[in-house]
């Protein structure tokens, strides 16, 4: 017993969980700060949260090229984890920046909001660094539970309630599947460590034929697919994205999704490598299904948030292409794409945050008619983000998509790439519709309520910079993404 | 002789019942309880398998699952209360503002 | 030696550009007309100088490269001019007649708003025509070829405010384009055929030199020449592309004289002459040309019988005379064809200018009397010989010439053609019959014209009757010169049988002899036959004249009876065999229908329909899928369960 | 300067956009002047290219610029790789030449958001120039797509009544094709990577040397061909063009016709054909057929249009059919004809759109029936319109003739004999529709009272047209200025396409009565 404890303590290596630890700790401190703050003022918590994220960011960066394994191999803070952690931190930071003014506009400046975002981020970092299904599960739940709250954060708004509830029920439901899958895998392999599962498969090559093993793997997969909003587990996405507070929608579509991808990749590629042929077939179908459903349904959407939700589904589909490829390019493409997607999607949402009236009833196509004339800068910026989402050069979206599909082509999935690009072509229509409304229609309103505040402007500027920088000089980040792959 | 298979079968049946309940029931609380049933069936599986494979990991997992379930319950019920305050209902048929 | 050749087309070009750019500012008709005419005259002088030089030169073929034009791969083409007896004759005709008509136009176009425009176009025409005849390769020729087409278009449409004028202009250009289609196809085929033998050229001299590479009488050379001939039918208004020429009379009369009688329309003939080497190698083509020429001569003459518009009669006469020329080319009488081209240029120009003079007078009178009658309708004329004596005399002389009365120019050329068509190795007696019949009709309708216009009593509206003046000297001088040429122009080509030496033929021999010799083309037969045929054709002409006299002088009521009796035949002839209507129905209307069909049905409904259909289907699918998103939690959960079951089921079972 | 000439030229307009940002939006005159100045400077920068004799002697890429851009190990590398050769030289010049004219044409036509309009024009210029000078396929693709955006806005914001439909259609239609090309580009790249061939990013010079199997070439050609065929546009992928042209503002139409459509034909010459020489013969009959159909179909449809601009748009379909036919002839004449016809079409059709713009500005309608008798009111306009009309018809002495003639001649020689014959009939049809519209618009009496007070062209408008007229005649009379610098590059390119530049496809038996479409002609080569 004594030995065990000692061994356990030796194996701990706090270094490996330091970033999440720091962030969680700071989040709790901020929770306390907000408890003692005056009701109705949350700005200081917001800035402190940003500070907390910056600190965490620096801590996380120490993991670059300096992999830290801890807790008997349950946590591995390597380049991969660092990369995804940075994505989540950036996403969280941008979210917080665009939230402050938004919360005040919506008359709900409750400062617990920010610590919750930090918790989510911490959970996401857990997921990205987890190498044991247990740690991954914990990270996932920390992330999810905080997000349930955030989605339903506007408790006076039925819409927000509904979003929170739907997310909660379906999330818990999918957790059931995930856990069941973990249990089955555990039953076959006797371990919950990703490496252990892989080792088992290596030792027992016929494990891939074991029904329980396959079923376990697939159920586990379903849990992650739910989080990344892949069809047919995507149905929650539009509703939740539409109902949740806009910055949270933005955050959900970037940070948690990236974390889910991180976990998915780690589990699939490291752990279930033995199922590669089955999984690639499955991912092939899922990728096509996801991007097609996302794009096609987005065509008929009028509500901008809902449209972007479908767009987000389709982008998850594109990202799955990288998993189909299952090769170095594909994987580093997913990393790169997640980063790109974070910037472009957060940017687009940030603009929506700005142009929404109180209650956000104007965030539909007609509501933004002529925006490009009344608010030229916002118009141009939103257009650039949309172009990036479309995948038009010289924006990051193009490079990301190109990189992604390159992976598929390199692995010989040419038809998948063809379907992918045709899907992009379909997507042009609904993104262009926004541009059409902004520029080709006469202004219906004067957008006088739009006041450009500094934090949101900063978040837009960062997103824009990211989109353009990665569009024109993608080399550095692509190399980092490559180094972050495993 | 009750083998691990029996446990697994039982938990599978429980899981199916939970799933079925989620699909068919309209009351949010009941649905939530169905989900709890699902989670508990998973717990049962874990414990049975833990015994079967001979290590403690499964049992540890169960503790985490229980904790998480509790946390979810707290959040979920809070959300339901908020909804109930606005709509005077927790029938899932009323969660129908966001669609299409 | 002949390095100033380029000046010949250059002068008119300068005139065209100068008047085109500055004419509007200058406004002074004397300056504008003077420049245009003067430059034409300069051009004539240079042409004459070169012509004389060539007469005394033993070397008859001279090329002058001005600049390179297109150099692509092995294909090298220059801006080059070619002076040989054939082009020498042509430049003399073009510049000579051209100068006279320019001079004439100064008087005729007096007071027109677009005076400068007219002269600019006329000069441009002269330039193009000279490029056509001087062109040293097929492409330079084609530049001229199309250039004259352009000028023809511009000048026919000179009165562009008149719908009929612009329509006629379009018709002329488009019908010519049909011919150009043939020309181009011929050019491509020829070039390709020669290039595949290793000769990459479009140069006339080289083509002539390497003609032997192609199989004589073979398909290739037949196709090439037939294509070229299609081009010629367009430009020279032969069946089936003759319909534009009568309509082209919408242009001012000097235009009709210069372009649609003397020069441009003979380009087809010239082109065949230019490529005689190839044509001679293709008997089938020659035959086609002869038949088409003969038929055109005949049919156009029939139409000419019944027309009342003075210019239309002349137009059909031109078509008919061009038919003669083609007949000549077709039977291998190249020099005779060119000879007729030249004499025709003289007398037909004179006739047109004469008719212009008449119209000018009539117009003046109507204008004076504020009447809006048609000044071109012969039924309103009559007895004008006293009012316009010079016009009358020159007109009469030319009419005699065209009718083929001995001692006048037309006789010599026409007779030679008829003789060849009978006696040539490529001829046939039926061709002669066609030609002779046309000659008779020509004599008839030309004299009908003269009688209706200048003889009998004056039928002009009484208010205008006394205000018909003789035209001013700028008009009458060209008339007199051309009249003179119409009389004496034939004497350079008196055939041997009449004791002449046919100097014209000898002059052109370097161009034609080789091909004729190589392909055994010559006229054979005794002098007796020749005399006999000559006598018959003269007799036919005289019968024609006599008939005209009987019908229009002696018994002026006869034509009406005639018309009444053969009303159906008259109607067909009067309506030009309904060829225009036929073309309208066969080509124009279907073309428009097809265009509309392609646009409204194929393009909008099918092609674009597919495009929009795709979009519609995609959007429809999207809308359909959208309603799976019901908003109900249990449906979402159901979707997940189904997904799980399918995925797991698929891989487990 | 010479080392970076292409970069400076390409990005100078972009720099201009930045300058525009600092000019107040209500100062229209200044905005216009500075845009014009920027485009003129760009033209001036590009001028040394036109005068450089190196193109007359070498078919290789000149003015090379190379910078590594993205390098993610051996599996993903792309470079900033520029160069210009005889093929792209005149297209570059056309672009820099047309843009100032297009800008000048908008002087009074645009009153809404001048700043945006001018910025879009300049952005477009950068895109076009970049596409022409890129040697790296990836870089080319970026510029290629980059052109879409400004054009989309030009149509969508400053266009006519149905502009949104037209703009979206334009964008999506073109993008669909280019996205498929994107997949093909990736495929080539990874084929090269896997085959271990020497590579330099996506440099086409290296790709030319690849030994792709026929099967791959077939599909790749399909993808490239489709993309470029949409841009050309070839029948039946042309329906976006009339819509786009009709709705676009004059300057947009001019640039669209003059340069953007050339991207498609240029793409064939530079990419699709030389990259996949083995698949090429399989497609040529089909593509040549479509070209011919395009010529005849475009002409017939153009003939019946009631909107002048639409007529010109459909005539573009026909004109580009000639280009394509010439290019597919696979010999020097054909290619030269095709290439020069690209320039010609840019000049003539560009001029036609300007002309339509002139009267549209005056009357705000383009319906043919609204006009008639304009010649009396606007004689200078009438003259210019006439010259351009005849250039478009292809009258010898004007540019149109040289292009059509050489293209058809090449096609005739290259075994596309029957196609060429049918294509030649387009010469007739062109005359029909152009002259007919000219007649209906210009000739006759002024019947519509609204046309009574039309003013003739202003000095500015004449200044716009004069350079175009100059080139109409220049190319018509002395095209060797252009050919001499194209020849070496064309020869090189034809070799790359697997064709002999001076081949003459021989008939089987010169005397056989039938020279069919399907004659399995053998290639006989003659050099003198």
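Couple of notes before you dig in:
Note that the chains take the letters A, B, C and D in the order they are written out, and that residue 1 is the start of every chain.
Basically, a contact is a pair of C-beta atoms (placed from the backbone, for glycine too) under 8 Å apart; a residue touches a chain by one contact, two chains touch by 3 or more.
All values derive from a computational prediction rather than experimental measurement.
Across A-C and B-C, it is A-C that has more C-beta pairs touching. Chain centroids computed from C-alpha atoms place D closest to the centre of all protein C-alpha atoms shown.
The most distant chain from chain A is C, comparing centres defined as mean Cα coordinates.
Per-chain Cα centroids separate chain A from chain C by 79 Å.
As a whole-number value, the distance joining the C-alpha centres of chain B and chain D reads 65 Å. Put simply, the C-alpha centre of chain B and that of chain C have 97 angstrom between them.
Chain centres here are Cα averages; for chain A and chain B they lie 25 Å apart. Among the residues of chain A, those in touch with two or more other chains are 165-166, 169, 173, 238-239, 429. In chain D, the residues that reach two or more other chains under the touch definition are 172. Counting partner chains per residue, chain B shows two or more touched chains at residues 19, 22, 31, 92, 95-99.
Inter-chain contacts, as defined above, occur between A-B, A-C, A-D, B-C, C-D.
Chain contact summary for the complex, chain A toward chain C: residues 165-166, 169-170, 173-174, 177, 211, 214-215, 218-219, 221-222, 226, 231-233, 235-236, 238-239, 278, 282, 293, 295-301, 426, 429. Remark: chain D residues 169, 172-173, 235-236, 238-240, 297, 300-301, 303-305, 331-333, 336, 373, 375-376, 379, 383, 390, 395-397, 401-402, 405-406, 408-409, 412-413, 417, 420-421, 424-425, 427-428, 431-432, 435-436, 439, 442-445, 477-480, 483-484, 487, 490-491, 501-502, 504-507, 510-513, 524, 526-528 touch chain C in the complex. Those residues of chain C lying in contact with chain A across their complex are 615, 618-619, 621-623, 625-626, 628-629, 631, 633, 635-637, 639-640, 642-644, 647-648, 651-652. For chain D in complex with chain A, the touching residues are 69-73, 75-76, 113, 138, 141-143, 145-146, 148-149, 152-153, 156-157, 163-164, 167-168, 171-172, 175-176, 179-180, 182-183, 186-187, 189-190, 193. Residues 328-329, 332, 373, 387, 392-394, 398-399, 402-403, 405-406, 409-410, 414, 417-418, 421-422, 424-425, 428-429, 432-433, 435-436, 439-440, 473-475, 478-479, 482 of chain A are the ones touching chain D in the complex.
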